[in-house]
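Going by the order they are written in, the chains are A, B, C, D, E and F; count residues from 1 in each one.
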Amino acid sequence: MMKRLLPHPLYSLTLVVVWLMLVNKITVGNLLLGAILGMVVPAITAPYWPGHPHVRSPLRVLEYIAVVVWDIIVANFHVAGIILFKKNKDIQSKWVTVPLDLTSPEAITILAGTITMTPGTVSSMLSADGGSILVHCLDCEDTDAVRDEIKYRYERRLKEIF
Amino acid sequence: MEFLVASAIGVLTAGGVYLILRLRTFPVILGISLLSYAVNVFLFATGRLAVDAPPVLQKYADVAYTDPLPQALVLTAIVISFGMTAVLVMFALGAYLEADHDQINIQDADEIESSDEKGQGA
Amino acid sequence: MNHWIIAPVVLPALLAPLLAFVMRHDIVLSRAASAVGTVCLAAIAIGLTMLEAGGGTQVYFLGNWTAPFGIVLVLDRLSAIMVLLTAVLALIVLWHSIATGWDKRGRHFHALFQFQLMGINGAFLTGDAFNLFVFFEVLLIASYGLMIHGGGRTRLRAGLQYVVMNLAGSTLFLFALGTLYATTGTLNIADLAVKVQAMPADDVALVRVAAVLMLIVFAIKAALFPVQFWLPGTYANAPAPVAALFAIMTKVGAYSIIRIYTIVFGPDVAATQGIVTDWLMPAAIITLALGAIGVLGAKRLMPLLAFSVVGSMGTLMLAVSAFTPYALSTALYYLLHSTFAGAALFLLADLVVSRRGNDALTAQPPIVQNGLFAALFFVGAIGMAGMPPLSGFLGKLMVMDGVRDQSWMALAWGAILIASLVTIVGFARAGSVLFWKSTAMEPAEASDTVTPATALQVGPAMCAMGMLVALSVFAGPTASYLESTAAQLFDSSGYIDAVLSPALEGLK
Amino acid sequence: MLEIALMFAVLCFAGGLFLNLWRIARGPSRADRILALDTMVINVISLLVLYGIWEGTSVYYEAAMLVAMVGFVSTVAYCRFVLRGDIIE
Amino acid sequence: MTNSTSLLAIIAILPFLGALVPGLMIRAGRNACASFAAIPTVLALILLGTLAPAVLQGEVIQTSYEWLPSLGLSVSFFLDGLGLLFALMILGVGLLIILYARFYLSADDPMGQFYTYLLLFQGAMLGIVLSDNILLLLVFWELTSLSSFLLIGYWKHLPEGRQGARMALTVTGAGGLAMIAGMLIIGNIVGSYNLTDILAAGDVIKASEWYMPALILILIGAFTKSAQFPFHFWLPHAMAAPTPVSAYLHSATMVKAGVFLMARMWPALAGTEAWFYIVATTGLVTMVIGALIALFKDDLKALLAFSTVSHLGLLTMLLGFGTKAAAIAAVFHIINHLTFKAALFMTAGIVDHETHTRDIKRLGGLAKLMPITATIATITALSMAGMIPLNGFLSKEMMLEEAAHTSWMHNPWIVPVLATLGACLSVAYSLRFIVHVFGGKVRDDYPSHPHDPPFGLYASPALLTVLVVLIGTMPFLAEPIVTAAANAVTGADTHPHLKIWHGVTPALYMSLTAFGVGGVLLAMHGSLERVWNALPRPEAKVIFDWIMDRCVALAKSITASVHNGAISRYLAIFVSATVVLGYLAFTSGPIAPATRDMLPVPLPIAVGWIILVAAVGLVVTNHHKRFLSLVFISMIGLAIAGGFVYLSAPDLALTQISVETVTVMLLLLALHFMPKSTPRESSNALRVRDAGIAIAAGVAVAALAMAFLLRDFDSISAYHLANSYQGGGGTNVVNVILVDFRGYDTYGEIIVLGIAGLTIYALMDALLRGPAAKRLRETDYSQDRSRDRHPMMMVVATRAMLPIAILVGVYIFLRGHNQPGGGFIAGLVISIALLMQYMASGFAWTQLRQRIEYHSLLGWGVVIAGLTGAGAWIAGKPFLTSAFGYLHFPPIEEFEWATAIAFDLGVFLAVLGAVMLMLYSLSRIARYAGETINIDPMDHDPSAAAEKTEAEAN
Amino acid sequence: MELLIEIVISFFLVIAGVFGFVGSFGMLKLRNTMQRLHAPTKATTLGVGGALIASMLYFALVKESLSFHELLITIFLFLTAPVSAHFIAKTYIQGREKEEDLPATERPYGWAVFDDSPSHPEDDGPQY
């Protein structure tokens, strides 16, 4: 019964939070409305998300977020330096292939998103079978290092989450 | 500010007019779009310009509000022109697919439909 | 408040979605519902017209908001007669569409048809300038759908032009409304009248611009020179019954000019002095000329009829441009006449063209019932060209009589008469080629595949011609109703009081 | 101080917009233009947020939110058009 | 003196009622048809007979019914001597023609139609002569043009018939129209359209400054109808009609209408110099020219036709003299001409009928073969020549007498000489008719061997011949009617005595001269004819055809060049005219000085302005690259939305940005199937012209905006601000205006969307059943495509964002009444969210997983909005009256509700439905273009593949 | 205290401004499209992010009304920006790069733009 009403409780909870953020006012009425929406909206959109993944370790998620945010801040300064102070001809842009161990589309997407959001690298394309990511590196000497860093820092953590 | 708004309307109008005078449907659609931008801003401006005075009533504040009526009119106009543009786009597409070219001018206004087409239309 | 006033709008507006979304798979049901709806509309229109015969302007305050803050509908003699005209025409056209099976040649005919009626009635009844725009759009977009009903290359391309022209027109309408609002701060027609009358004499430039822009907008609908160009292509390529229905569309433009330029920018209003008569009259004359020339120069039947519609609008607007009560009453008579005359010809043309396979004005083997169609064409042509005994002749005489006190009387008379002659010659040539010359040829071999028109199919065209006869026979009473209509229009204070005084009494 | 910082930020983003304009006009590739438009959207969102701070009102956040949403959808649509032709195949 | 009776109206209407019958009776046979056609005529004649004595006594019989009082048009008839004369002629000859036609028409001819047309024509003629209202007269006048058109074109398969009919219609129609103007002027001068009033106001009319225009216009009407020079040319071509028609139209009726009109209007118009010089001169010239041409016509009917022209000229001249005696002569000659000319036409018809030719050159010697016909022809032709003691002699003597006394421009010779010349020619062609047709030897090369026709065919001309002789020998028989008619014309009470012998007068010498010279002319006919044929002379038909062809060609070229299908030019004219007229309007009135100061411009706004202007420039300069221009359009939308935010219009910003996005999506979808670039095909001159127009329009609009932006005004919206919360239950005034104050606008607006959806759907349907579908199937739209269709990242991101976007939509919908937002924006937001889903996994995949029918969504939206509005009726309130209030659930806070929310829901659904229906339609096109449906949400799901490999491994 | 708040907010604003500008500047300065694609990440992350944090702080601390809208916008941008970048990159690669110039996928299949997916080898693309 509960399973049918709330197929993805975490997902529904997220929506309730989003709703409260939207209305920006935590009242009983809004909570109630949020709860209703939290149940109805996933029910409507469920067909579009077949094979809903389940997150193994929510705590790891927080860790991952922290790592990424920190990387973003650091990389931002690094890349800003490149843009502002490095001569264009000195910038060595390279393509890097990152083969993947992940198979969950959600995990791959998060990894690709992480790569892009951390300045300096942009995940440009997947292989046709989704098995590797083509990453563009703004300024790097050693493509292998970049690949290993991505696999170690992000992919490893994601494998633990999913 | 007023000059910027007025001149923006003017520029949009000029661009729109130039484009609706082109010979193919697509630029004409673009022109109509520009014209509808122009007229929307024009209509909006008839309420005169005001900064930070949205017509959303505030319970405990005695503040000025800009003229809400033109905004409502523009909203109506936007919706209508959306519907119209959609129809226009479809007409243009349909005419292109039927005629295999997208010239908007009909060379001979009296052009006679060949009988098979008439049969299709009939 | 009399809720029947809004019925001509709400009835088709509620019926149309049902037709489109509930009954769309059942043509019999759609036809029945559409027909019943239109009959009801006609009944309501008759009721409203009779109600208005007694005089007095009735106002319907939508949303229970007083004027000028909400939107009002205004029922006076003019709006009543226009709604009635629409309903009667709609009945005839609907009958034709069903009898000839036109309604089956594409999707959603009945829904679009009802929406079209809704838009037209809404435009006639509204007492609000912006709302007039909205209903213009309703009737236009429905007409786009009807215009391309059944599809086909030429029709679609002509339809595209029609849409583009009207979109440009709608844009100008908004510019005009914006200017009007920017100068007067109101949108209600009665309130506009008050504000424009009170306009200080040293600050009228903007309101004059608004008045002129508005005039051009309505002129597009009324197919007046130099914005008449769209009409022939559109009417000539529209499905014939739709072209017949469109006979009322040009009248919407004429109606709007009559309404706005009597009530708001009336002849006595100092601010907009001279705007209408100065520009309307020459435009009307050129329109008339272009229409007549088009009739003579057309290579196909449908454009010929379309040009005759252009010409009739020229005559009509010529009478309007005099802007005297009597001239206006003659204009209204001509309006009624030309609507049915145009419709009759287009309906008839449909019967002929569908049997002939095309509408080229070249000799082709005779079609079945050649004599019948020739006779009907003769009658229709007489009606359109303004020959006796049909209402066109009386209308022409009345219009000439109506403008006789104008300084440009000679010009107007000359234009009307010469245009009449050219039109007559044009129609005679066309009829001669279509129905007479063909008798010298062998009947087409495939003629056995062409089915003769049934009484049910010829009925609507004859009905429209019957309206011309009726207008002619009952010209006296009709003219007297129209004279009081014109008088009511020129007494703008009656309109203004009816709309605005309830606000003073505190409605809400 | 807050005002100056705000002015500075506004200046930066407005200047950024100006630079985007140059890129969008220049191209050279379609990807460049789409990218420039996407960046323009981001800058506009920032300006809307800053304007909200300036006026001390949250009335304009919906606009920012919506701009973010439609910005994304348009970018994807433009790219899909170039890539596949039909954007909702 | 006057006597009122409705009998008159019955007489006038009888032919029209009768016209309905033959068409029905033809099924009963030709005799029945003819008989029934005769009945109304006979009845009318009988009724007329009952009135005749009184009229001959000088009484005037009148009857009148109201028709269109505001115009002064009434159904008024009156019968005086002139009317009686003409009515008798019309009905009497009509009867004879009906009889004659019964035998003349062949079995192939549709006789029912013939009699119908004939009776219509008879009715119209009768109406002319009985009308007591000049507007009514005009009605009948035009009716004669129309019905004669039908009669002349009766043999529609003959080109001559069709052309003759059109020519007659054109000429007489033109005259009729001129006459309308003339009559209206007369009515204006007199202040009444009643003929009786007008005839009594002759002095007023002649004194009016409008007299000349009226006179000329009316005379044009009369001259065209009566085939006066130079309008005479239509008449011979009208001979293409069956002979009964010619006999009727050109002896008794149609052509006499003009003469009748001049006689009728005589008291009102005649007696001035202008009248004399115009009418008499025209008549004189026509008489001579007509006679001259007649002499050289070989076609019997053409000869008679030009003779008719000549005699009409004679009549016109007599009326033009303006004297009473001349008027009496005219009236008398009307009768006489009728008798001999009708008979002659019928004779010509008989000859044609029997010999199958009317060519004089192929005839001759018929006297022996057709003695009866020859007798009739000889007597009547001699009367036409003016031979004593036939009736033609009498009136011709009277004419010559009058001519002898008339000086023209102080020259006493011109009129008598020319009149004599006319008479000479008249004698010559009359004699030719007798001698060349019936005289001489019997030939053996007639196309058909002739003999006298059956009695039915010659009965009518024979009867007329009797009249010719009777009147000629006993003119007093005609005296009463001539007197009555002449008195009606002149308005005097005279009693002329018609007699054979007037003594030795100048007229007698002239007459004798005529016979002498006429005989010589006939004798010399062969050589004269050679001279005539050698002379260059304008052929009227050629000239007329040339003029008509020129006119039609001109009309064609004007139409083709003015309405040339070039909407670009229509729009250019439209915009230019608008700018010019707007400018004129602006400069024709003063404007007060500015009252507002300009607001300052912060930097982001300046940048926004630059972006907007640049974007417009880019769109214009790059419009050939269609995709690019769409990208630039987006910039404009962004800039405008930003501007709206800054200028206190958050609702507008939200709407603008979302509408713009959806519009661009639609354009992209459509562009996929269209050319991706626009060819450069406008000439430089055109581009410069368009740029000029565009700049003018832009400057005009900007100036207009500037003009009001700098001036204050009072708006009704103060009321909306004040009453939004109290009366409308919402704090977002814009939304309250939309759903409440002006909810009716919004209702119309969603209906526009609804119709747009329907139209697009219907269009697609028509398109996909036509050649477009074939074209779609045959075109390859997959060039240079990327190989990934539904990339994983997009799919996954959408999975996460779709619910959030929906929440945003719900939020924007719910708060709309109080904060920026509302049903419309919410509808668009949800649409965009769904669009995102479509882009991610494709339309079909998404569609399969949602069972919403967009048709219904749209329908429900419109219906819900309508029903919400109609719900107010239950409370007795007007349509769209809203109600609102607050609900209190103790544990929860106050919950606000308003019926306007339901209305807004309608808006929401309609918007969503419309957008989705559009996308659906475009996706249908794609399907026709051969696009496949994807079965998976993304191109490749590695996890599914991994699972599969795992399973296979196990 | 108030000064501190002001300093913090100003700090975030300045950060936002700097990175926002650098993002757009980079787009102007850098040589090729792929390089330029890196620039907006700055505008999206620290640029908008900074402004949003400043706004949240401002409303929470100065206006004393906690607002989560900014957070929502941030989430939204973080969700969408990589996808946008991904698409733009592919758009660039498809139009301007050759398959040979890219590194190998190290998989049995090529890059998505150039190779059919294993699940749908019969995709309706052109048959070269």
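Everything that follows uses one rule, which is that contacts are C-beta pairs under 8 Å (C-beta built on N, C-alpha and C of every residue); 3 or more make two chains touch, one makes a residue touch a chain.
What you are looking at is a predicted structure, and each value in this text was computed from that prediction instead of being measured.
J.: Which neighbours do chain B and chain F have in common?
T.: Chains touching both chain B and chain F: D, E.
J.: Using only Cα atoms to place each chain's centre, name the chain farthest from chain D.
T.: The most distant chain relative to chain D turns out to be E.
J.: Name the chain pair with more contacting C-beta pairs, choosing from B-D and D-E.
T.: By the number of C-beta pairs in contact, the winner is D-E.
J.: In terms of CA centroid distance, which chain is the most far removed from chain C?
T.: A
J.: Using mean CA coordinates as chain centres, what's the gap between chain A and chain F in Å?
T.: 12
J.: When the C-alpha atoms of chain C and chain F are each averaged to a single point, how far apart are the two points in Å?
T.: Centre-to-centre distance between chain C and chain F: 57 Å.
J.: Let me have the rounded angstrom distance from the C-alpha centre of chain A over to the C-alpha centre of chain D, please.
T.: Chain centres of chain A and chain D, defined by C-alpha means, are spaced 22 Å apart.
J.: Find the geometric centre of each of chain C and chain E from their Cα atoms only, then give the gap between the two centres in Å, rounded to an integer.
T.: It comes to 15 Å between the two C-alpha centres.
J.: Mind pulling the chain D residues that touch 2 or more other chains?
T.: Those would be 10-11, 13, 15, 17, 30, 34, 58-59, 62, 65, 69, 72, 76, 78, 80, 82-83.
J.: Note the residues in chain C that touch 2 or more other chains, in rising order.
T.: Touching at least two other chains: 130, 134, 137, 141, 144-145, 148, 150-153, 156, 161, 164, 168, 175, 179, 181-182, 187, 232-233, 298-299.
J.: Please output the residue numbers of chain F that touch at least 2 other chains, ranges allowed.
T.: Only 18, 25, 37, 39, 44, 67, 69, 72, 76, 79-80, 82-83, 86-87, 89-90, 94, 112-118 qualify.
J.: Once the touch criterion is applied, which pairs of chains come out as touching?
T.: Going through each pair of chains, those in contact are A-E, A-F, B-C, B-D, B-E, C-E, D-E, D-F, E-F.
J.: Write out the stretch or stretches of chain E touching chain C in their complex.
T.: Answer in residue numbers: 66-73, 110, 113, 135, 138-140, 142-143, 145-146, 149-150, 153, 156-159, 161-162, 165-166, 169-170, 173-174, 177-178, 180-181, 184, 188, 548, 551-552, 554-560, 562-563, 565, 567, 569-571, 573-575, 577-578, 581-582, 584-592, 701, 704, 707-708, 711, 713-717, 719-720, 723, 727, 740-745, 747-749, 751-752, 754-756, 758-759, 761-763, 765-767, 769-771, 855-856, 858-860, 862-863, 866-867, 869-870, 872-873, 877-882.
J.: Taking the complex as given, what residues does chain E use to touch chain A?
T.: 787-788, 791-793, 795-799, 802-804, 806-808, 810-811, 815, 837, 841, 846, 849-850, 889, 891-893, 895, 937-946
J.: Inside the complex, what are the residues of chain D that reach chain B?
T.: Result: residues 55, 57, 59 of chain D touch chain B.
J.: Can you name the residues of chain B that touch chain C in the complex?
T.: Contacts found on chain B: 20, 25, 28, 32, 35-36, 38-40, 42-43, 45-46, 69-70, 73, 76-77, 80-81, 83-85, 87-88, 91-92, 94-95, 98-99, 104, 106, 109-113, 115, 117-122.
J.: Chain E touches which residues of chain F in the complex?
T.: Going by the criterion above, the answer is residues 72, 75-76, 79-80, 82-83, 86-87, 90, 94, 112-120, 123-126.
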